[in-house]
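As written, the chain order gives the labels A, B and C, with residue 1 at the start of each chain.
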Amino acid sequence: MAGEGQGPVPARSEILGGVMNVRLCSRRQFGLSALMTGFSGASIRAPRADGARRFVMQDCRGRRVAIGSMDRIVSIGGTVTETLYALGMAHRIVAVDITSTYPPSALREKQSIGYMRTLSAEGILALRPDLIIAMNDAGPAAAIDQLIASGVPIVMIDATRSLDAVGKRILTLSKIMGAEQAGTAMVVRIDNQKRTLSAWKSLHRERARVLFVMRIANGRPMAAGADTAADAIIGLAGGVNAGAGMSGYKPLEREALVELRPDVILMMSQGGQAMREALLGDEAIRMTPAGERHAIIDMEGEKLLGFGPRTVEAAFELARQIDRVTRPS
Amino acid sequence: MSIRSRKPGVTLLLLVLLLSSVFVLALATGPSGIGLRSLFVSPGPETTRSATGPDMAQLIVLYIRLPRVVLATLVGAALGAAGGVMQGVFRNPLADPGLIGVSPGAALGAAFVIVEGARWPGAGGIMQLGVPVGGMAGAFIMTAILNLLALRGGGFSTSRLILAGVALGAFAASLTGILTYRANDSALRDLAFWSMGSLAGAYWQVVVILLPLVLVSLILLIGLSRPLNLLLCGEENAALMGCHVRRTKWLSMLAVTLAVGPCVAFSGVIGFVGVVVPHIVRLFAGPDHRFLVPACALLGAALLICADMIARIIAAPSDVPVGIVTAALGAPAFLWFLLRTRDGDLPS
Amino acid sequence: MMLRLENVTVRRQDRLLLDGISLSLPAGAFTVIVGPNGAGKSTLLRVAAGLIRPERGTVRIDGQSPDTMPSMRLARSRAMLTQDHAIEARFTVQDVAAMGVVAPSSGRARLRRMVEVCLTETGLRGYEGRDVTTLSGGERQRAHLARVLVQLRWQGPRTLLLLDEPVSAQDIAHQMRVLSLAKAHAARGGACLAVLHDLNLAAACADRIVVLDRGRLHIEGTPAQILTQDMLSDVFSLEFSRPGIHRETMRPYILPHDLVSSPIVQAPKGTLPCISQ
């Protein structure tokens, strides 16, 4: 990323355009390296109203949040972290939760605050954040309430898993960060990808039956039914969720699995080669069209299911891969 | 000679001292490194420079730590005292509130709210109190059914109670299983973390609800100590000494449910405290329930405060479920304790 | 009357345990129940104590039905030594002895003295601080007896003492000690009803003896009236016992004759032992 280690950069009113390399900083912003190594209490001064930009915004719960400086952000939720990184705001983040798997550097270079549903209010406050951005399904509720009560600005981000919500999330986050232009550019790019995808889908009308297997539990595949992120992305990619008859992630009975006749089996690349082999070794799966053709697709989990900025990209990639593995050779 | 003290009053006093010091220590310890001094010291030069000024210190200590430490005290006291009473009523060293369906019932009620509540639109706000309320309802319904079953035989025999409790517990567990199966992804995770037990849900409203319930049940539990002593001589001998055996058992179950049901509902399943604390106390204070029950409450509270303190700071800034800490530290500590004592010192 | 039973019938699962028993026990009386195994002796004590409510008939303790008495008042007007001597906790002997009494704080000193007296009387002096789980069976039985005595004496002398086989675990010296305690309780104006198996002991100490057989009251009377060859053969099927009168105490006694000159002992080698009728 450009500008690493540079001195104070122009304030918000003097932003320059550009998609990925825009850096928005207050006048008090110090070098990225200093942020990375972590401040001692003395090296960052409490922000004053005269220095930082101050504004009030409404979050997804209808709360009005006054936001001042944003040099020590705690980012809760993989999508939030991914978007902040994409907006070039990585240097402002002090800590992320463990669902922040993309980019992989996030969990390496930032402090971890644990799982997003078992947050510790005092643990987060101990990091002296000046802004907390959290997905709306973060918890426990008491910790969120305590964070709200602490007076540290905390913005809750709508956690709906849909394509519309993806764009809204990016716009909201870019507005918070004062990076509207970067955000708009991202949304425009996503819209372009969407158009490309629908054009591609109009040319490829065969709708393959896709079964998403989360993992193999006790020898039985846990598959995605309706009302899951996997169901949504399969739909976006132009496929049919073979497991749509059930709801949520459920273990599949072998005979039922054969009956679902998936053309493609989709999995997360975190499962690795071991899971691919387990799937191909399963008698029931071998009896399905997907098993006969070894049609197994894997994709990075956060990209596939996170409904972050890469969602349409993921759907397009998925659509092409489905087409490739199902096309009769 | 046994290691047991001849003066139970001294033991109680020592436990009170232990509890108060642990309480203050826990209040002064946390991932933010804020000590109690920052509450009273006027903002000096070093506090103004950090982002956590005196206001933040006050907030953290009074609104995050204090309710959590108080909650740990209440839950620990309730679990300890209820464990002591359960072991007395059932005259069984392994008796715990799970045996009379309190924990499975609370788990079922809480699971119902977690899983089904997730389907109601805009349930976020309700969930916070919904889960404990569901847990409490589950615990009370389960105990009520069990009482009816046990009373039907005309008597109130302990073995009947245990058998009915085991069967009902299994049934409740299967219903919880059905709910787990129906759960969506996030409800499933909530369920998993609830079952590990955590005091992270502590805020003042919880404490205000729990405080009267736990106090009333503690008074009931301590009030039951004489009849429980008599029961140790056998049910017939107890009855001959004027103990209303059926009423004692019935009241014990009510008091245990009143104490443990709300605690389990708020904090999830925290194992070990209820089973082991009474054994440790018996080694020091003897079997007399008039000392045993209050001592169990004091030691249970102190232990849970310590365990929660560890849970708060060991993986800071994240939070470890306290149930894991109680089991991981408590079980080996108890084994060490067992190894140090000879057979003759153990309660028979 | 300290205790009055009228036409008491107790049934458990179609089996008659007691069948129309009437019995009264005046103050000052020491009555002993004897009878073969399964005659209903312990059941009769339980009915008298108010532990079992009879199917038919009435029970009156000092004129009152135990059903209508508050449990604490009942506990002050009668006490019973059962055959269950187990204590599943490591109480001390004096803890156990004091257990039957709820003393107000002003009565603590009186209770301590009373415990001391009763432990001395039951031969447990010096055992005060001993853990009851380390006692022998006989010692534990006496610890329970001390508890029962404290429970009764707290109220006063006009009380009912029920003893179920109080000497079953005692050596001969302690048998005497325990029975003299029972007699002393009656002599002070209380009443005592005890189940004993040893007919000679019963005859030696009892004012009256009640013989139970298969749930019925077989005969009741003074020891001399009871200990007859007829009773022994009817109730215990003892054909060759010889009731006699002791020359010093003028109390009846029996020698189980079967044992000293039994045909079993005299049977020639190689033949099957049999009891001749």
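Following the convention adopted for this analysis, contacts are C-beta pairs under 8 Å (C-beta built on N, C-alpha and C of every residue); 3 or more make two chains touch, one makes a residue touch a chain.
Quick caveat: nothing in here was measured; it's all calculated off a predicted structure.
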**Report entry** By number of C-beta contact pairs, the top two chains
**Finding:** A-B
Query - Taking each chain's C-alpha mean as its centre, the one farthest from chain B - result: C
Query - Centre-most chain, if every chain is reduced to its averaged C-alpha atoms - result: B
Query raised in the report: Whole-Å distance, chain A centre to chain B centre, using C-alpha means?
Result: 38
Report summary line: chain A to chain C, mean C-alpha position gap in Å, rounds to 83
Query raised in the report: CA centre of chain B versus CA centre of chain C: separation in Å?
Result: 46
Query raised in the report: For chain B, which residues are shared contacts with two or more other chains?
Result: none
Report task. Would you tell me which residues of chain C are touching chain B in their complex? Result -> 49, 51, 71-72, 74-76, 79-80, 82, 84, 86-91, 95-96, 99-100, 102, 131, 133-134, 144, 147, 151
Report summary line: The residues of chain A that touch chain B in their complex are 41-42, 44-46, 72, 95, 111-115, 117-128, 130, 136-137, 139-143, 145-146, 149-151, 227-228, 247-250
Query raised in the report: What part of chain B is in contact with chain C in the complex they form?
Result: 2, 4, 91, 226, 229-230, 232-234, 236-237, 239-244, 282, 286-288, 344, 347-348
Query - Contacting residues of chain B [partner chain A, same complex] - result: 30-33, 46, 48-53, 55-56, 59-60, 63-65, 124, 127-128, 181-186, 188-190, 193, 198, 200-203, 206, 312, 315-319, 321
